[in-house]
Each structure stands twice: as structure tokens, then as C-alpha cells.
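Structures for review follow.
Below, chain A partners chain B and then partners chain C, in two separate complexes.
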Partner chain A sequence: MTRSLAFMSFRYAAILLAIAIVLVPVLWMASMAFKPIEEWQATGADLTWIPRAPTLDNFRYIFGRSTSDLIVTLDKTALKPILASFLSAGIGTILAMTAGTSAAYGLSRFGSGANLPLALVQLRLFPPMAVMTPVMIMWAFLSFTDSWWGLALVYGIVTLPFAFWLMKTFFDDMPKEIEEAALVEGCSRGRVFLKITLPMMRAPLASAALFVFILNWSDYLIALLLTTKQWVTIPVYMASLSSSMTGQLYGAKAALGLIAAVPPVVLGVLIQRHLVRGLTFGALKQ
Partner chain B sequence: MAEIAFRNVTKRYKDTLAVDDASFTVAENEFFCFFGPPLSGKSTILRLILGLEKPDAGEILIDGRVVNDTSPAARNIAMVFQNLALFPHMSAADNVRFPLKERHEPPARIEARLKDAAEKLHIGHILHKLPGQLSGGERQRVAIARALVRDPAAYLMDDPISALDARLREETRVELKRIQREAGRTLIYVTHDQEEAMSVADRMAILERGAIRQVGRPVDIYDNPATTYVARFLGSPVMNILATRRMGSDYEAAGRALRVAAEDAVAGAVELGLRPEDLHVAPWEGGGEPATVTEVEPLGGYTVVTLKAGDQPLRAMLRGQPEMRVGAQVALSCDPAKVIYFGAGGAALPRVRGARQ
Partner chain C sequence: MKDESAKLGFRLTLPAQVLVLFISVFPLLMQLYISLTDWSPLSGQSWTQAWTMWNTFANYSDVIHDSRLWAALGRTALIMAVCVPVEFLLGLGLATLFMDDFPGKRVAYSILIMPMMVVPAVAGYMFYMLFQSGGPVNDILSRLLGHPVTLAWLSDPRLALVAVMTADIWQWTPLMFLILLAGLVGVPDDQIKAATLLGAGPVHRFITIVLPRMKAIIGIALAIRVIECFKIFDTLFIMTGGGPGVATETISVYIYKIATQDLIWGYVAAIALVILIVLSIACVWALKRMAK
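And now, the complex of A and B:
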């Protein structure tokens, strides 16, 4: 069926618009990250897409090497927040994936009743703000606040439902006969999980972990409430990048934003090969 | 080499009765076939033998030992699953090695057995490939090799060749029969294809809604079905089962087109069962009542003719390609000794003396 020219033009226009809405701010951020202060403070006709005098000053500035033309110095470099983000998001992801995968496997294979999975969904239906203040009080009581492990623990709990539901879908989709074949051929239940199920689940595990990691990595609210000084994460630190003299330090923010975008993109590219491959490709008859 | 037996085994899933008080014994080195429509409990019986399901009542015996609480691994039974269930992340060779590795066989022996199984099933050239790179027929061979590679007490196969095309299926079932004979092992086979069941099985069991209706040699069941269900289920075209009543000295069926003298029949028959090949068709020359030809299917070696007599459809299977026109009037007859007589409730009545054995 051939479609009319008008329809096709509309279609491509719509696609271009969608791409532009997504890409323009990202590209603008990338451009701003390399602009000196005069350029990112410019307005009107002075705005350019390509920096006229590209510089790494913004990066130097957030790592404390140079104050460039800004009179203020930062009381803290971006190094510690980057470390904090990696530790809390990374460990949080490991916690959520370990607990979520175990729970999903157990419930998918031996679970009875639908109440527990539903209860885990309700965790997400609850507004996070409603629980975060009590959690903050609890964490303060336990002296968990302003630490990467306290944050990682909350991240692990908050993203557990996602890890659980993603993995449960994958486990439910896996034909039970593959595990049964291993049981019949002499494996114990534990060995079946280690030798058959986990290796088959490499791709699903990788994609679920990436999803959970991105959730943790981009969190602002929880980190804002639970960290104050020592272990603020990238988003919290970014918000603090302003000065009384120059207002918002957009160049520095853009530089930090660019750095923050790197890990999810790199991880995504690394596991993309796994994402396209089917789960049980070749295990069954056709 | 094992004898496998069920003693009054019952298995329920929630509200459905999957296996209903089943008792049977599969002898050593027997090729035994479970045959039934979908959801008749065939696969559940295999799962019970394997130990993947526990019976709700009754006992499962392997070589006379009750194994109700024995783990699947300890039962030492090999299985080819209906969907094959290969391990997708392992090469074909590793799939076949797996059962031996899990049993900690010495590497030299594993390689020897692998080579042996690969030769038997002609998969030597594809051993390095992942299941995803194999065709349906190759996957099925790998799955069978994985079951054959060790020395189990018995092999179980759940409709393993249903995905193959008709020609390959015929070849494979002959090969399976040969492999079973050479291995000298008990083989329990599940199928919903009656031709397959009849061609490979030493003995077979016919299932209906989880209950075993008849056990015996395929030809014996074919010749002497115990109930109308079994009679209809086994055989193609389907057996003619005709309501009958006694009129004077004859039993009449299909209107009045088919008659059996009362002294040749079994007293109290409510239905007559007649295989299509046992229904004789001749040109009508007056006398009695005719049947009308409604459909003619020439199939080469034989011709299937659908007839109508007294509102009753019948099928006859005639040798060769006889002259037969749709709409023609024909006379029906049969050898009373070839008729199966069913009483009320659908159970076959004992035969009269002189009936075929």
C-alpha cells in the first residue's frame, strides 16, 4: 500500500519533531559544557551552537583545578559526589537485583497466590515523599544519614519492586521443561539454578540491572533528604553549583551533566548485544 | 532395563482430575505407548514416572520398588520433552555431555559415549553449534541423543517428533524403534498420532480423561476395542458405530440397509461396530433397502466412500479405485464375525463362538 505524500511528510515531520525535543536540550548541554563563561552567560544574538572559544574550563572548575574567570571557588570538587553516586547507585543496584532476582525466582517457580507480587507493586504506588520523611528520621536514628551505604540501602529497597517484576516476567517466560530436563538428568535444584537458569538469564539480568541502575543514578529526591555534606550525589551536587555573584553556574552544570550521562550510555552500549537476543532462542522445537 | 508400574495412581490439579486411578505395568524392554486426545493425562503420567509430580494417591514402582518419594535424579530415567527443552546456552555437544557430567563420569568415557550417540543419531557434524543455529529436526536429534547418552533404567518420550514434517516423522519413528531394540531398554512413548502409536508400540494404553480405558497390543485393541470410545478413537477412517435393534430374526442398523442374522449376533446388542474396511458395498439390485453414496475419496491404494442409509452416515474403505458415483444406490453387507457388538453403556459384549480372534 502506498501512502499519500501528505501523510508521509506529516509522518517524517512528527518524527523529526520528536527527535528534536529529545536531542536539542542534550546537544545544548554538550555545547554549553565547552563554552567559557562569557558564552554561556550570553543572551540573544550572541548565542551560538558551536562554542566560539571551546574550553575545558568548566570541567577544570568542577574538579577544583581552576576557578577560571569565576571569582568564587567551590568548597568541594565533583570527585566525591561522582564517587558517592557510583557507590550508592551501584551497591543499591546489586542489592535490588540480588533480592529481586531471588524473590522473583522463588515466586515464579514455587509461589502460590498473587498477594505478595501485588504487595510489591503497591510499594511503587505509594508516593515516595510520604515515606521518605519517616525513613529520614529512622536513618538519622540509626546514624545512616549522609553515608553512601545508607543511601545504597534505600536505593536497593526502592528499586527492588522493579528488579522483582522485570525478573519475574523473564522467569515466568522461561519454559519449565528446560529446568526439569536438568533435574531429570541428575541436577539438584540449586545446581539447576546455577548451571542452567542463571546462564540463560544473562541478558535479562543485564537489562534489568541497567534499568535499575539508571533509576538509582538519576535520583535526586532521596539523595537530597538523606545526604547533607559528605556523600551528596551528582544530582544534589549539581543543584548546589551556583554562586551569589554569577547565579546559576550553567557551564559547570552542563559539564557535570555530560559526565553523569556517560555511565548509563556506556553500560547501555555494552549490554546492547545481549538485549536483542531472545531468551530461549533455540531451546525449543521451533 | 526396568519394569515400571502404577498402582491405582491418582493425580489432581486443582479442579481437574489429570490421572484417574490408573494401574498398568510396562514390562522390561518394552516399547509402550500412551495414546489419547489432548489433556487426557498422557504427559502427566510421564511427569509422575519422572518424579516431577507427586501422585495424590497410589504407588509408582520401578523394578518393584516404590519410588513415590525418590527425586527425579535418583530415578535414573531419561526423558525427551515435548518441546525438547535443550539448554540454549550450551553447544549441542555440551547438551549431550550434560547428563554424564552431572553424574561425574570420567572424561574419556564421556567423550566415547558422546561419539557413540552422535553416530547413532547422525549429529556428528553439528555438535559445535548452539541449539539456536539448528533446524527443528536437528534439535530433535540432539534432544534424543541427550537422553540416549547414558544408561538409564528407561527412556521416556513425550511426542518428540510431532514438530517434524510427515516424511521425516515416518523415518524417525522407524529409527526410534531400531534404537530402542538395539539399546534393549524400556521405552515409554506418548503420542496423539494413532498411526505412530500403532506402528511403534509393542503394547499401548488408551486414555480418556485421565483414565486408562484399554491396554494391549495395538492390533488386539484395533480388533477388539473394549468400549465405543476406544473403537472410535483408534482407527482411521473412524469405525462405524450404528444403533441397532432386533426386528424378527435380524438385527437391523442404518435404517434397514444393514442386517445381521440374530443367530450370528450377540444377544442384547445396542450398537454395532464395523470397521470401514469390513463394510461391503455392492451395486443395488432390488430387495432390502439401499444406501446412497454421498462422497467418494479415491486415495490411490484404496477408496473411502461415505454413504447415507436411513439418515445414518457410514464410511466404507474399498480396495483400489472401484467405479462409484455420488448419488448411486448401493447394497450394504458385512461378515457378522467382523462386527463388534456393544451393549448399553458402550461396553463391548463378549463375542459369539466363531468370531475372529
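And now, the complex of A and C:
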């Protein structure tokens, strides 16, 4: 089908405009991350889109090497929150994937747990704020509050629906002949799952795990409610980066925001093929 | 053989069942109990002793008369009513531009879906910076209009609402685009070609052939966004904290505030339960309709 020149130019114009709108906020933050303190709040004619005197001071600052320009010293550096984010999101992902994958296989092959699909969608439906107060009470009772494992446990449950649904559609799509052949050979059902199915599903498992990790990494509200000091995650730490003396530490926050934004964007490109499936609970495949 | 399968299936689904039970049944019962009392974490007693502050249904009648709650609900509905249709139309428009191949398609696609990968709290911070009165948004507007614009986006009640909606539209239009494009690509080519041969114009083809085949997908996309939009918290809270005053206070922000600042957890539990019940009914109703 040949398209008219008018349509082609309209298409490129529209797409370029959309790309510009997508990029402006990201580029502004990236530029802010490299701006020295004098340029943070420059306005009017002084407002610059590209830093006049680019510097790495903001990055040095959040990692604890205080620079003379930034008067306030930080209570803590960004290292621990970055570790907290990785640990809680990582362990939460492992938990969700383990429970989700085995349940998905159980349902897909043996029809067990027929209540799970609906129950898990419902879990996703509720605003976290409406179910978090009992969790906060329980976590305080178990002294899970402000710990990476307490956070990881909640993350594992919150993202379980995604892990389950994604893996269920992958298992449903998988040809059953190989499993059946192994069964005829005398393998037990459990061995088939562990030794044949799982290794075969390595790629889908990895995509699902990355998808779940992005979701866990993106959380703000749950960490805000369940961590206070020791194990705050990057978004919570970032929001706390302002003081009565200096106001908002624009550049330092932007530097941290840039660090937080990199992993999901990179992982997201890696699993692009499966994004639609993941986001629609497997209702739609690409 | 059958027995072995059933046993294995049970064992495999057990962890997920335990987790679901753990996060739904126990908290639900606890919330039901606390919602009938005046208990607060500041009361000095553990929640098990909440019965000493029994107030029967006082919390629930408070919910009915809580004008701040209803205003927050109305605001959430307003954000939903603006953002979801705008995201849908923009996403659909963009998706139609991506239906056939053109040079640079893959790169453009990768860039356009980036916003939804950005951590919402970070996106909130981006837009917090953009909407400062001396910030880039006013700078761009000044250049376009030719005279200095100094709108105080985040401290004006109406503009603040516009700002948080803009952030939501920026972040979630790509989701609509992604899902709708997957749907558009799935529409069989031969039907479109047949219609073209019969002389149907592109708009006519779109309305009579493409849209009806996309019904289910459009339904899914809208449902996902409506559900997520109802929960809206991260971006908005970072940008405005629900302010100025209560100008951008949504349902999640309101519950967050009364739970962490006023600490009236008996009342929080009552609100939460009412929301859970209403949402469950809506969910069952929607699923029944979809099944038809």
C-alpha cells in the first residue's frame, strides 16, 4: 500500500512531536543532575536547558563526598537506599516468581487452585492504601517494620498476580508433547516439571521475572508506609532530600532520580516483546 | 496416576494460596474488628484491646457525613474522567500511525513507551521541577506566546490539578498506545483489503471493521487504566502532597493523611472496608457483564 506524501509528512510530524513531549521531562531531569548549585533555580533569561558549567558534584554529594558548595551534610548517603531497593525488589521478585510459577503450573496442568485467577485479579484491584493499615499493625507486631525482608514479603504478595498470570499464559502456550514423551519414559510429574518444563521455559521465566522486578522497583507508597529509617528505598530517600536550610536539593534529587530511572528503562527495552502480555494479565499477546 | 497429579497440583498451588489468604482474610477480619472501635496506634493499647473503645457503627455513620472524603472521591473521579479518555484517544491516534512499517519505527516505538517504565515517584519529581513557576513549562509557554508567563502551577488549586493530570497523561498514554497497537496489528489484513476494494474510505474502514474487532481489547485497556487511576498516589503525592490545601487530594492521599497524621485507624479501617466492598461489587458486576 503506498501512502501519500501528505500522510507521510503528517505521520513524521506527529511522531516527532510525541517523542519531544516524551523526552522533555526526562532530559530536563538529566540536565538538572549535572547542574551546579547556582544553576538549580535559575529562572527567566538565565534558565538553561544545557548546564553552563556541567559538574558531577550532585552525584558526589549523594554518595557522601560532600562538596563545599552544598552546605548541608547528609544524614546518610544514597548507597544504603540503593541497596534497600535492590534487596527488597529482588527478594520480592524471587518470592512472587516462585509462588506464581508453581501455582501457574499447577493450574495450567492439573487444574488445581481454580479460585486463584479471580482472587489474584481482585488483589490487584484494591488500592494499597486501603489494605495497608492491618499490614502495618502485623508488621509492627512481627517487628518486620523498617526491614528489607518485611518490605520484600509485601512486594512478593503485591506482584504475585503478575507473576502468576504471565507464567500461566506461557505454560498454556507451551506444547505439551515433550512433557508427555517424558511421562511415557517413566518420569514422575514432579521431575518433568523441574527437569524438563522449567529449563525449557528459561526465557519466559526471565522476562516475567524482569517484569515483576520493574514493578517492585517502582513502588513508593508501600515503602513509605513500611520503612522509616534503616531500610528506606530510593524513592522514599529521594523525597526526604530537602532541608529547611536549602529547600529542595534539586540537583541531588535529579541525580538520584536518574539512577533510579535507569534499571527499569533498560530492562523494559529488554522485555519489550512481553510488555503487553504482562500489563494485560496475559489477556493479550503480542 | 490421577492421585499423583492432584497431589502435586495441590502442593504447587499451596504457596500462592497461603500468600493470598495471608494478605486478604486476616487483614480483612482485623480491619472489620478495628472499624467498630475508636482504636488508634496512639491509644497506648495493642489493637487486640480495641474492644475497650467499642463504638459500634459510629465510624460508618461518620463515613457518610465525611465531606472531605466525598470531595476526595469526586476529585479522583474527575482525574479519571479527564485522564483516561485523553490517554485513550492519544494512544489510539498514535497507534494508528504505527500500523504499517516506516523507517525509524522501532526506535520511535522504544522511545514512546519509555514514560511508563519511569518510576512513578521519579516521574512525579520530574513534573514537580517542570511546573515550578520559574521552570521549563513556563519558559516554553513564554517563548510560544511571546510574553513572560509566570503561572504558579503547583500553588494554584486549579492549575495544580491540571499539572497532576498532565503528569498522569504523560506517563500512561504509552500504556494505551502499547495495548491498542497490539490490538490493531491483530486485525486481519484481508478484511481491510476487501473493504478497500469495495470502496470504503480509511475512516469508514476504521469505524466499521477495525473498531468492532477491538472491542474486547479497548475494554481491557480502559479497565486497567480506570483501576490504576483510582489508586493514583505516587506522582501526585510527590508533586503536590495533595495540596495546595486539599486541591489535589485524591482518595488514596486522603486515607494516607488520616492514617499517618491523624492516626485515627478505626476510622481508616471503616473507610477502607467500605471501599473494598464497593469495589468488589463493581468487580463482580463488571465480570458478569463481560461474560455476556
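Throughout what follows, the second predicted complex is superposed on the first by the 257 of 286 C-alpha atoms of A that agree within 3 Å, B and C clash if a C-alpha of one lies under 4 Å from a C-alpha of the other, contacts with A are read in each partner's own complex, and residues count from 1 in each chain.
Methods note: contacts are C-beta pairs under 8 Å (C-beta built on N, C-alpha and C of every residue); 3 or more make two chains touch, one makes a residue touch a chain.
Quick caveat, the model's predicted, so the values are computed rather than measured.
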item	value
Chain B versus chain C as contact partner of A:Leu83, first or second or both or neither	neither
Partner chain in contact with A:Glu185 - chain B first, chain C second, else both or neither	first
Touching partner for A:Glu177 - first (chain B), second (chain C), both, neither	first
In the superposition, chain B vs chain C on chain A residues touched	C
First (chain B), second (chain C), both or neither touched by A:Val269	second
Contacts of A:Ile94 with chain B and chain C, given as first, second, both or neither	neither
Partner chain(s) touched by A:Ala206 [first = chain B, second = chain C, both, neither]	neither
Footprint overlap on chain A, comparing chain B with chain C	188, 280, 283-286
Residue ranges of chain C touching chain A (in the complex, touch as defined)	4-6, 8-13, 15-17, 19-20, 22-24, 26-28, 30-31, 34, 41, 47, 93-94, 97, 100, 102, 108, 110-115, 117-123, 125-127, 129-130, 132-136, 139, 148, 170, 174-175, 178-179, 182-183, 185, 217, 220-221, 224, 227, 230-231, 233-234, 237-238, 251-252, 255-256, 259-260, 265, 268-269, 271-272, 275-276, 279-280, 283, 287
List of chain B residues in touch with chain A within their complex	50, 52, 71-73, 77-79, 81-89, 98-99, 102-103, 130-134, 136, 139-140, 146, 163
Chain A residues within the chain B interface of the complex	175, 177-178, 180-188, 191, 196, 199-200, 202, 280-286
Complex contacts: residues of chain A adjacent to chain C	1, 3, 8, 11, 14-15, 18-19, 21-26, 28-29, 32, 41-44, 47, 49, 98-100, 102-103, 105-107, 109-113, 116, 118-135, 137-138, 156-157, 160, 164, 188-190, 193, 214, 217-218, 220-221, 225, 234-235, 238-239, 250, 253-254, 257, 260-261, 264-265, 267-269, 272, 275-276, 279-280, 283-286
